[in-house]
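Several structures are given next for inspection.
After this come two complexes, each holding chain A, first together with chain B and then together with chain C.
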Partner chain A sequence: MTFKQKINDSPIDFAIEIINDVKNSKDEGVLKCVQCGMCTSTCPAAHHSDYNPRDIIEKVLAGDESIISEENIWNCFYCYTCHSVCPVGNSVCEVNQILKQIAIAKEIGYDKLYEYLGFADSYFTAAIGAIPERFFPDIGQDVPGWWNFRQNLEEIRNELELDSLMPSKEVIDEVSKILTITGFKSKIERIRASEEVEK
Partner chain B sequence: MKDLPTEDILLFRSCLVSVEYPGVEASTKFVFDTLGVDYAISEKQTCCTGLGHYSDVFNQIDTSAIGARNFKIAKEMGRPNLVMMCATCYAINKKSVKLLNKKDRLRNHINKLFEENGLAHLKYEKNDLKPTENIFHVVDILYAKKDVIKKHIKYDLSDFTIATHHGCHYCKVHYEDTIGGVRNPNIMDELIEECGCKTIGWYDHKRATCGTGFRQRYSNPDLSFTATADKMNAIEDEDVDILVHLCPNCHIQFDRYQDLISKREGRNFKAIHLNIAQFIALAMGGDFDKVIGVKAHTVPIDSVIKELKEVKK
Partner chain C sequence: MRDDLKVGVFLCECGGNIADTVDLNKVREELDVEFIGQFENLCSLNGCKIIRDAIFDIGLDRVVVAACSPISHEKTFQDYIKPLNPYLMDMANIREQCSWVHSDKEKATDKAIALINASIEKVKQSDAVDPIYCQTPTETAVIGGGIAGMNAALSLAKQGTKVTLIEQSPSIGGHMAKIGKVFSPVKIAEECGMCLLNPILNELVWNENIDVLTNTKVIEAKRRAGTYNLILEKSPRYVDTEKCIACGKCAEVCEVEVPNDWNDNLSMHKAIYRPFGQSYPESYVIDMDNCIKCGNCVKECSMRAINLREKEERIPLQVGSVIVATGHKLYDMEKRPEYGYTLFRDVITQSELGRIIGVNGPTKGKLLRSNGKVPKRVVMIQCVGSRDEKPDGHKYCSKICCTVALKNANIIKHKHPDTDVLICYTDVRTPGMFEKYYKHIQENGVRFLRGRPGEVVKKGGNLIVRTEDTLKGEFIEIEADLVVLSTAMEPSEGTKEIAEILNLGTTEDGFIKESHPKIKPVATDVQGIYVCGTAHEPKDITDSIMQATAAASKVSEYNHGGVEIEPFIAQIDTDKCAVCGECINRCKYKSMSIQNDEIYIDPMSCTGCGKCLVGCSQHAITVNGNIDEKIFATMKGILSKKKDGERVILVFLDNIGYAAADNIGVNRLSYPESIHIIKVISVNRVRPRHIRYALENGADGVFIGEFPGDLMYDEVELKIQGVKDRLEELGEDPNRLTFSKVYIPYFSGLARKFNEFDAKIAKLDETE
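Let's turn to the complex of A and B:
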C-alpha cells in the first residue's frame, strides 16, 4: 500500500488524535501494534465479512484518514475479542469506536445513526434505553409471540412483584438536562435535520 | 482474586432485563435474598446508555455524565457497590469509573457542566468509586456466596445437558477483573456445579460472541445471524438442553431468534435459555411465573423442563 504519512515527516498525528481521545483506555497501545493479526484471526466480523481489524491499525499508523469513510468499519460487533487477545495491549475495538465518533463529528457517519435515533428519544422522554420502535415490525415478524408478550409486559412484571418501569418526571428531567448540557441533544437535532434533508 | 462484597450493594436495573426478561431481576432478588446478600434497588438510577452507546449514538461524555449521576445515587444511599444484571451495564459503568478517575480533563469538564447548570450535587470526585472494588456483575456476588448455594438447592437438574455462554462484555472488556477465566470462561460452570450439576465445559466457539453486535442485528442481520449460527450449531452438536447466560442481550439473540436461525440452518435447535440467576432460582425452588418469569421467554421453558425432581437429602 501507499503510505500517506512517513514516520519522519509528520509523525503519527492521526494515531496521536486517537490516543488523546477521551474514549481511549489503552494509553499508547495503538503505537505498540506489531501487526501480528491476532485481532483479525479471532474477529467474528472478519470471519464473515470484509472487515479487517489489523488493516485498520495499519492505516491509522500510516496516517491514512480515509479509513473513517470506509463502509467496513461499521461491521464491528463490539465483542472486544480483539481487545482481549491483543499481545501488546492495544484495542482495535476501542479504536474503531473512536474512528466512528470522528466520522460522526465530521458528519460523514450521520446516515449510520438515523435508524438508531430512537435510543436518544427514549432516553429523553423516559430515561430508558428502549429498542427503537422502527425495528418493532421486523422483530414482530421474526420472533413469534414477541408483540403479544410486550403487550402483556406490565402484567408479567406485576406477577413478578417488580417496581414500576418508568422513572419519575423529576428523574427524567434531570437526565434530559444532563444530555442537553453535554451537547448530546443538539447533536441529535443536527443528525435528525440531516435525515430530513435526505428524505 | 479481587475482594467480593456481599453487602452495601445497589442492584443496578437494566433496560433490557426490565422490558425483555423481567424474571432475571425477580430471580436475582430471590437468589440474593436466599443467600443473605444485602442489596437495594433505586428508582432514581437510570439505564447505563449501553444500547445507544454501542450503536454509536451516545459518545463517551454523554455516557460518563449519566454514569456520574448514577454513581452519586449509589454513594448517597451508602451502597457504593454497583452490581449489574447485564454484561453491557457492567462494562459501561466500569469503564466510566476508570475514565472519570484517570482522565482529569473528562472529570473536570463534566463537573464544570454540572456546576454551571444547577447540578453541582452530581459532581464526581476522583476515586469516589474504584473500578475493581466497586463495580461488579451479579455472577461475581454469586461467586462470593458459592459455598452456601449448595445447601439451598431443592431440585436436581443434573439430568439435563447444560452449557454456558459467558457474554463478551463480562469476560473480555475488563479482563483484568474477570473471575473464572477469559479465554476459557468458567465462572458460570463453577456456579452451576454448586447446584449439583455438571456442565459440558468447553465446546467449540464457547468464548465467541452471541452475534448480536448491537447495530449488526438491525442493520446487518445476515452478518449477525451468521455469527449466532456458528455458536448455535456448536451447541446443538453437543446436544445441549439448557444454555445458561449472564447478559440479556445475548439472551435475546438466542431465545428470540432460535426459531429463525433453525430455519436458516435447516436444523431443529432445541435448547432453552436461562440467565444464571434464573437457573439457580429454579434449582432453589423459585416459582415459574412469580420468580423465573417464564412467560417472557420465546423458547418455552417447559419444552425441556417438563418436571422437577427433588434433590435426595
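Let's turn to the complex of A and C:
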C-alpha cells in the first residue's frame, strides 16, 4: 500500500507538540533520534511484550498520532533505562508519558487507569501518593515483613522520634483544593464514571 | 599645526564609473585643499606621474586619493606617493561606497564631497609610521612522530628546512606501526601497513635535515617575534643508541616481564626491550618503572651500551614554526561497562583485534579467542564512545571505525570462511570510494545488523549481545564467542598537554582547533603553529598525510615570504609599565607576554583592538598611528559637510565589514545616501566618546558592524549595550545606536540592514 504525503502535510508538528510539552526535559532530543534501537535493546518492557520504544519515536517523527491509541504504550513502567542510555539525549520514557497524557485528555486508555485510581484518591485523603489498598496482598506476599512494617509504621516513626507521616488536616484540605481547581479531581471523576459504566 | 599641512586630493574618474554619477567639477569647488588633481584612471602609470609630480612641485605633506575601495588599490597608491610615507595617504571610497550604490547625481555628489572631506581631515591626523617586517627563523619543530609528523618532517626536510622531530615514546612510527593491515579503497584490498610505513621511516632516518629525538617531550614554550624557544625534556633510555646493535642478548637475560603495550598488553616483553621489530632508533630501551636493577643486562652487553644511571636531559630548541602532530588515543572502555570489556576476556577492541590478526602480534597472526580456539561468531559493535551524548561519550563520529570494522571483518572472513562475522551498526559511513570496499565486504559474506546494542552479557559459556534489529523491529539476543568494540578516537594526552603549553585553541572535544575549518584547515589560532593528523580531529592515514604535507607547505610559505604587518598595533612604555600582567589577561589574541621582566607585545598577533590600553592602570600602552584622533577627524570631516535637513548615519566597520559593504557596490545593490562608512582597524577602537561625539555633532545614527567570528565580538556587543544604557541615562535615544553582525558573503543582508536602520532613524527624526 502506498502512503501518500500531501504537500500541506506537516508530520513534524506532532513531534513539536511533544517537545513543547511541559513534561519534556530533553529539548529537541526527539528530533535527533537516528533510530539506532539502543533504547529497545535495553528496555525490559520490550523484552516481555510488543512495546518498542524506538518504534514510538519513529511514529512520533512520522506524525502518526494513532500511536496514542496503541495498547502497547501502556506497557512502559518508567524504569528510565531508555532515558539514561539514549546516545542523542532523547527520552522515550518522557515522550511516552506525554503520549499517555494526550491519550487521557482524549479519553483514550481509561481502562488502563482503573487499577491506579487509588493513587489519585490518596492525594485527597492524605495529600501524598500512597500505594492503593488493592495492591497490599501482592506486596505482602512479595516483600516479607512489609505488612507488619506497614501496620506499625506510626509506632516505628514514633520510636525514631519522627513526625507522623500523615500531614495535617490543613495541608490535606489545601492540596485537595488545588487538585479540584486545577481540574485533577474532575478528570479522576470522569475516569471513575467510565469504570462504573463498564462494570 | 596639523591644519597647516599641505594636502593634495586626486580625483579618479574611473573611466566613467565615478564621473558619470558624481559631478567632479562640483566636488572640486567644494574642497579646500592645496592641490586638486584629476585623471580618468589614477591607478595607471600616468596617474602615478600626476601624483608624484604634484608631491614634488607643490611639496605636498599628505595625499587623499578619491577613487575606488582601498581593498582594490591601497597598496598601489601607497607606492605611488613615494617618497612620502605610505601611511600619509588615505583613500576616499567614492566608487564602491558612492557611485555604485547611489543613482541620484546630486545626492551622490554631496556624499562624495563628505567622504573626501573625511579623508582630508583624517589624513591630517596621520603620522609617518613604518610597516613592520617579520622574518622568522626557518628551523621547524614537528611534535609527534606518527605518520602525520613523519610526513610533515620529511616534506619540509626535502624542501631544505631543518626539522627537529620530537617523539615522546622510545620509537617513531605511531599507531600506524601497530595496526597491521591498512585498507585501500581503490585497490579494494588490505595492505601491509608496516610495508608502507618502512620506506617513509627509512627516508626520514637518512635525511640530513631531520634530527629525530625520541623519549622526548616539549615541556615549555616561549615566543618572541615569531621565534619559539622550546625547552625539551629527554627521558633516559638507559641504552646508548650509538652503541646498541639491537642483538637482543640483554632481553634474554632479563628476568622481569612487563605487559607489552605495543601489543595492547596482550603479550609480555622484558623490562629491557625493543618496542617493535622495525622501531627506530634501532636500539633497546629499559622500562625503569619495572627494572629491578639486577645488572644482568649490563654484564651481558658486549657493546657496553647500557648505563643504568643515565639521567634526564633538558634541551633548548629555537624554531620559527611548529607543526603539532601529537595524535589520538582510543576510548577508555571502562567508561562503558555495559559492554563487559573489563569482565569478559573475549570482549576486545578493534585495536586489539588488529594486534591479534597482525603477523607480528601476540598470536603471530592467528585469530584465537582467550581459550586458544578460533571463534565461531564474531560480533562487532560500532560507535562505542562515538556519536554518544551520554556522560563521557563523544558527540562526534570517529570517522574511521566503519572502515576499520570492514577491514578486520574481511580479514577474518578471508582466514576463516566458516566464522560468522556480524557488524552491528547505526549507519555505515563509507563515503566516496570506501563504498566500493563496503560492497566488496558484503560480497564476502560479512553480515550487517542495523541496531545499536545495549549490553553484552554472558550466559552459559557464550557471550550474548542484546540489541534490536531495527529494520525488523525485533529485539534479538545474539550468541557470540568474540565481541569486538569499535572504540572512539579521542585526543591523546600529548595533544592536550601541547595545546596547553603552546596556548592553542581547542575544540569542545579537546582536539586542536584550526583557525578556520573551511579555508585555513591546518593553521591554528597562533601564528606560526600548524596542526595535522589526528591531533586535529579523527581521520585516516591518507587524510593525515595530506594534512601533514599541507602543514609543511604552510611552513614553507611562512619561511620564504616573511610577514609584513600593518604598524597600527599596541606599544608599551616600559618606563610607565608596572608589569602587572593585566594586559596579558585582557588580550584575546594572546599577543602579550612577559619576557625578561618586561611586557612584550608580539607584532604578529596584535590586531590593535586596544582592549589592553583601556585596562592599563599605568596608562603605559598606546596604539600606534593616532587612531582615536583619526576617528574624530573622520567624523568631523563628514559632519561638517552636513546640510540642513540632510540625514547622516555613521557606519563603523573593520576589514571584514568593509569588504561586505564593498560587495554591495560590486553587486550594484543600493542603500540610502545617508550611510557613511568609516573603516577602522578594529570596531573595538570606536570608543563611547566617539559615539557621543557623533550624536552630539550632527550624526542622526551610528551603526556598528562586527563579524561574529572575531574574538572581540562578544565584548564589543556588551560595550555597545553599555553605551546604549548610558545614552538613555543622559536622556538621548539609544535607538540611534545599533550593533549588527556582518559577514562578507551576506552583503545583501547588510544592504537591507542599512535601509532598515535609515528608515528607523528617519522615523525618529520625524517624531522629534
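Note that the second predicted complex is superposed on the first by the 176 of 199 C-alpha atoms of A that agree within 3 Å, B and C clash if a C-alpha of one lies under 4 Å from a C-alpha of the other, contacts with A are read in each partner's own complex, and residues count from 1 in each chain.
To be clear about the criterion, contacts are C-beta pairs under 8 Å (C-beta built on N, C-alpha and C of every residue); 3 or more make two chains touch, one makes a residue touch a chain.
Being a predicted model, the structure only gives us computed values, none of them experimental.
For the composite obtained by superposing both complexes on chain A, the positions of chain B and chain C are free of clash and fit together. In the overlay built on the shared chain, the residue A:Arg54 is in contact with chain C alone; chain B does not reach it.
Of the two partners, chain B and chain C, it is B that touches more residues of chain A. Shared-chain residue A:Asn152: touches chain B; no touch with chain C.
By the document's definition of touching, of the two partners only chain C reaches A:Ser41; chain B does not. Judged by the touch definition given at the top, the superposed model places A:Val88 against chain C, while chain B stays out of reach. Of the two partner chains placed by the overlay, neither chain B nor chain C lies in contact with A:Ile16. Touch criterion not met for A:Ala193: it reaches neither chain B nor chain C.
Least inter-chain distance for chain B and chain C in the combined superposition, rounded to the nearest angstrom, is 6, based on C-alpha atoms.
Counting contacts as defined above, chain A residues 47, 84-85 meet chain B in one complex and chain C in the other. Within the complex formed with chain C, the residues of chain A that make contact are 34-43, 46-47, 52, 54-55, 84-89.
Interface residues of chain A, counted against chain B in their complex, comprise 22-23, 25, 44-45, 47-49, 74-81, 83-85, 97, 100-101, 104, 109, 112-113, 115-117, 119-120, 123, 127-131, 135, 138-139, 142-146, 149-150, 152-153, 156-157, 159-165, 167-168, 171, 174-175, 177-179, 181-184, 187-188. Within the complex formed with chain A, the chain B residues making contact are 15, 18-19, 22-23, 25-26, 41, 43-44, 46-52, 54-62, 65-66, 69, 91, 95, 98-99, 103, 105-106, 110, 113-114, 116-117, 119, 122, 168-169, 171-173, 175, 182-183, 207-209, 211-216, 218-220, 223-224, 226-227, 230, 256-257, 259-260, 289-291, 293, 295-296, 298.
Within the complex formed with chain A, the residues of chain C that make contact are 338, 383, 387-390, 393, 426-427, 450-455, 466-470, 473, 475.
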